[in-house]
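Next up: some structures, all given as structure tokens.
In the two complexes below, subunit A is the common chain; its partner is subunit B in one and subunit C in the other.
Showing the complex of A and B:
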């Protein structure tokens, strides 16, 4: 029964990780940019949610649409003013975009430090569990996992079954090909970065219910997100589910049997192993094909 | 793809370099009967340790301000130049080098946390500059060859030392130890483990963790599975919160639940809500204690910052009191004379009368236990100063 509880905890944690990581996938898939501000966007959204809840008494779930829309527009502006102006081709372009997203991360961290201070905060909300037989289901993780799953399904459906989603997907597969079909690749990049930023923000509003966040939590979250999508295959939406499950379950089980030090080291060990042995990740989509 | 990963690694290193290059903040210097006496230090304004460290900084700044308002020291004003070490030991070491070699400060105030002080401790001795370290409780820092470091906080090994004897009196036997992987917490955890063994108690769960742990549910489940009656958490602020949240998530309430550092901060109870009720913690200072100037310190701190001080604020404030009195008694900005004056001790502070041994380790600092009861932290031990009796079991509601 203990191992079942550990697996349940791991799966719930995986739902949280999927929610956090999927927007990194979206941005990489379309723009070929690994957004190093991803974790900071998540953390800042979490802090903003706490501010909304403590200052005006707004329920954290009601904060989601506000944070989502705010971050969507911030993402769109950042893409148009910064990322659009960088030549994205070649190694130099990749490095430039990485440095820019690093820069965005530091700007966000410092704005958050000025606005809310450096303290780690969380919210006393959904702190208990639902009990089903002998198994405890942490409410905050269930909600986060369910939210992550619904958002992932919605994103997957939108990408595969709607005109605008297919246009975005087409751009991610071939910018030139999409352009010759009349798709505005620049507009798709703006949409991808804006939507990716908004999804990261949505993750932050839920994550802050699970664990305390501070302005500088972001870098560790970015690494975690990166491991999840690298494990699943960069840009592979289905693979990210598998990546999240591997990281979540491994952290839950190893955290119990081997302790907290191993739990924290695990994403970094996985990252090294992926780089060495499966640089293209597990890539479920490729296997499905 | 491999090239992309390589680029990422390069960018990550660059990012860390950026992160280490902190901004500076300095208090404007003033004029008096001579050039100002420059104090310098680093403090963790950001990072994992910032919640506790910010109190220490506020205590230091208040003490400097108040001493200056009374004419300064030796007719000269004090200034305090500090930098953010971002809770990083390597950054702190560089900053202390800079404070001495570039900023030419006269005296040092230590950083927050034993781990960071341990890293910088050789610098005051290398340059023979007196450093009063308000954030360091690790006794091994204050040993030979270190001669210029002085502490004003109790030893790491004594934090929450009263909890296990009280648990034993209540017939509790099964102990869980959760220890953060830091110099302070490891020393405290080792001492509590030894104490449990000496008391004949059974350690049923033991775990060391690093931060950031995304979710402490695995550890909480381990504690639940072991049926621990007493939880000893050798923690700092973020993990103190995370552990309490996770225990609640797995539906486990131990009979006694104590955490070393974190609970005294105002954000702790705001973040946890009712779960905080019953959590026991350590403090070395309390607003109601009848120590020299304590009530004035409490009211002026609250007036300046709008919040109540905690013991980190008191130790920061006391560090400046100790250093200022040492300079006053030495009668000059002479490191060896100031060091000799400090070694004589008997200096009144808001924490009580300060004394130290030949290596600057404080003597006679008392530890108290405080506990959240009805959303308010109350002093509960020892009984002669307690505001309320200790509540057992932990309610978490």
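Showing the complex of A and C:
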């Protein structure tokens, strides 16, 4: 029964990882860049939520719209003022953009350190759990997992079933093609980066309910998000579901049997293994086709 | 600097350039800058102590690290977020050698550097299979893995860290740090003027095209990676000794790496002087700023990287170059283009058998069949045109022959030997040259360096220079030979492509749409070149879509491809009158 419990926890974790990763996917899809500041954005949003809850007494779910909007604008400004100006193309351009987001993550870490110190904090909220036979469902984990899944589904629906979403998806498939259809690719880049940042922030808000976060946890989270989307194939929204499940369950199970260090190490080891052996991911949607 | 040292610098120049040529001489301000650095380093070592000496030691520590990073990331283009891995390994290696091997520190640090280099050899074999952002992220991940492993390894102190017997020799540590920085600089100097450096920069610009010019890309990358690991590893050993305490978080700290990257970027990534200038400038200016805002150091570093990459990507050196200072030397460029000598007749006679033979070749990409059961034979010195509409399979055929694409079925024989499983580099070395449909010259290099890169394949320096010079003259490119490719119009870029392929001195040269986008005059030059080819025993296979007329009178045979199948093969006039060919090629059904 223990293994079942660990699997349940893993799946719930996966729901949240999915949201964290889809926001990275969104940015990668349209702009072909990996946002290295992704994890730090998640962590900062989580810490901000804790601050709002402890200082002002704001319910964390009411904090979501606030961090969402705030990070949306931060993302939009970063894209407009900085990323857009990198004119290099190809690999060198990708690397320069990665370097810029690397720098941004250091700025965010520093701001967070200054504002909230270096401690890892969590938000005690919904501490009890539901029981279903021998399986225990921690309320916070259920809520977080469900929230992540629902928001990911909303993102997926928006991309596939609405005009503006389709425009964004079209841009990620072919910038030139989208351009000839009258889609402003530059605008789509801004939207993708802003929305990606905002979704990361929303994920951070619920993540802090189930795991302690600190300013320095950003890099771990970035790599975790990257592993999830790399497992599913970069830019593949359905593949990321599989990626999230693999990472979530593996972390839950291996973490229990082999200890916390393995839990931390796992994304990094997966990162190198995936890139070496399955650089195109598990390609769920290619199999489905 | 004493005169003898200057003298040895000059002899180094001579060794790095060709036959006492002055094309890659030492501009005076470069020597002056070097002397200024050395004098300053010596004065600091002699006159200061305490805080100032420590500050100077820090500067040279970062300079060594910035130069290490510049080698792999600036020269070879493999941006690494994990050179700090070697810093950590060097520190731990030194500490363990001192504690358990009872080795003096000045021996321990270099030995640890050697060990780190050995580890880099192993790690490089794995990590360098990754490209672009994958390599950057992979290296970053590697550091985290090492950090956690060391925090678990009790023999190395685990999470508590290690305490070493304290250093009482600040001046000696300083001196050795300066030596490592000079060593790291020398590595960069070598790269900026040598064949190895040229190959590294070619990889940075276009790794696949470099392989097609016979560059052993994996070997060059691994050598560079290993060399780039040595300076951080040795200086970290000195840092460990100097601080007398190390632990995983401080020795595998990504923000230390980040500073080295920042210094290199500020000075000018991929340049010889950038890392030194960037480190000195930012350490001196930064020292004032950090004193004001000590808690914002990390954020300010981050902000600086962002601003430099976005608004100032070339760094300090790029500004200086606008005034003609510190120009990048053109590698192995003589002061005047030598006459060059035509190459000896290509290859062994090898009888009258075909040079290139394609048998029953099929290539499928998923559900698309790009080539179906294609046969082709090219004899020595023969010129064959492969004509066919867009999508007929010409480029795929060339990609199979040059090792870029693996065939689904069938085989290719080169000089009678099957080439199954050969790499792009091996095929180029064996004597198959190619041009790309969309020209892919190395953008950041000059015409000369592009041609020389290919000429260096299997040749010693002098012979390569001779060969490159001959090719440039043969194609009538004397007016642009020192021009950076990035400034060239499309027609000239195609010429560079052809020149590169010729400089390989191949047995067969595959020309993919070599005249597309050229004006009459440029086409005439290429036609002349193709006419000359068979005089040297070089067979040519030209893929042609549009300018059929320009090639018809040059070739011995025409092969027509249509939707991946060969529909005709024979004498030009005869093939072009074939109704099936006219139908397929001009799209007149029936």
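We adopt the following convention: the second predicted complex is superposed on the first by the 288 of 289 C-alpha atoms of A that agree within 3 Å, B and C clash if a C-alpha of one lies under 4 Å from a C-alpha of the other, contacts with A are read in each partner's own complex, and residues count from 1 in each chain.
Simple rule for what comes next: a residue touches a chain if its C-beta (ideal position, glycine included) is under 8 Å from a C-beta of that chain, and two chains touch if they have at least 3 such contacts.
In this text the structure is predicted, and so the values were computed from the model without any measurement.
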Exercise. Subunit B versus subunit C on the shared subunit A, clash or fit?
Worked result: clash
Exercise. Does the superposition put A:82 against subunit B (first), subunit C (second), both, or neither?
Worked result: second
Exercise. Among the partners subunit B and subunit C, which is in contact with a greater number of residues of subunit A?
Worked result: B
Exercise. Where does A:261 make contact in the superposed view: on subunit B (first), on subunit C (second), on both, or on neither?
Worked result: both
Exercise. After lining up the shared chain so the two structures overlap, which partner does A:279 touch, if you call subunit B first and subunit C second: first, second, both or neither?
Worked result: both
Problem set entry | subunit B versus subunit C as contact partner of A:212, first or second or both or neither | first
Exercise. Touch check for A:102: first (subunit B), second (subunit C), both, or neither?
Worked result: both
Exercise. Who does A:269 touch here: subunit B (first), subunit C (second), both, or neither?
Worked result: second
For this session: Could you look at A:34 and tell me whether it touches subunit B, subunit C, both or neither (first, second, both, neither)?
Result: both
Exercise. Which holds for A:94: it touches subunit B only (first), subunit C only (second), both, or neither?
Worked result: both
Exercise. Can A:114 be said to touch subunit B (first), subunit C (second), both, or neither?
Worked result: second
Exercise. Taking the two structures together, which residues of subunit A meet both subunit B and subunit C?
Worked result: 34, 91, 94-95, 98-99, 102, 105-106, 113, 219-220, 226, 261, 264-265, 275, 279
Problem set entry | In the complex with subunit B, residue positions of subunit A that touch it | 2, 5-6, 9, 13, 16, 34, 36, 54, 91, 94-95, 98-99, 102, 105-106, 113, 117-124, 127-129, 131, 136, 138-141, 210-212, 214-217, 219-220, 224, 226, 234, 251-256, 259-261, 263-265, 275, 279-280
Exercise. Given the complex with subunit C, which residues does subunit A contribute to the contact?
Worked result: 34, 82-83, 85-86, 88, 91-92, 94-96, 98-100, 102-111, 113-114, 219-220, 223, 226, 261, 264-265, 267-269, 271-272, 275-276, 279
For this session: Flag every residue of subunit B that touches subunit A in the complex, lowest number first.
Result: 1-5, 7-8, 10-12, 14-15, 18-19, 45-48, 50-51, 54, 86, 181, 207-219, 221-222, 225, 237-238, 241-242, 245, 248-251, 265, 267, 270-275
Exercise. Can you list the subunit C residues touching subunit A in their complex?
Worked result: 77, 79, 81, 126-127, 129-134, 136-138, 140-142, 144-145, 148, 152, 204, 254-255, 258, 261, 265, 295-306, 309-311, 313
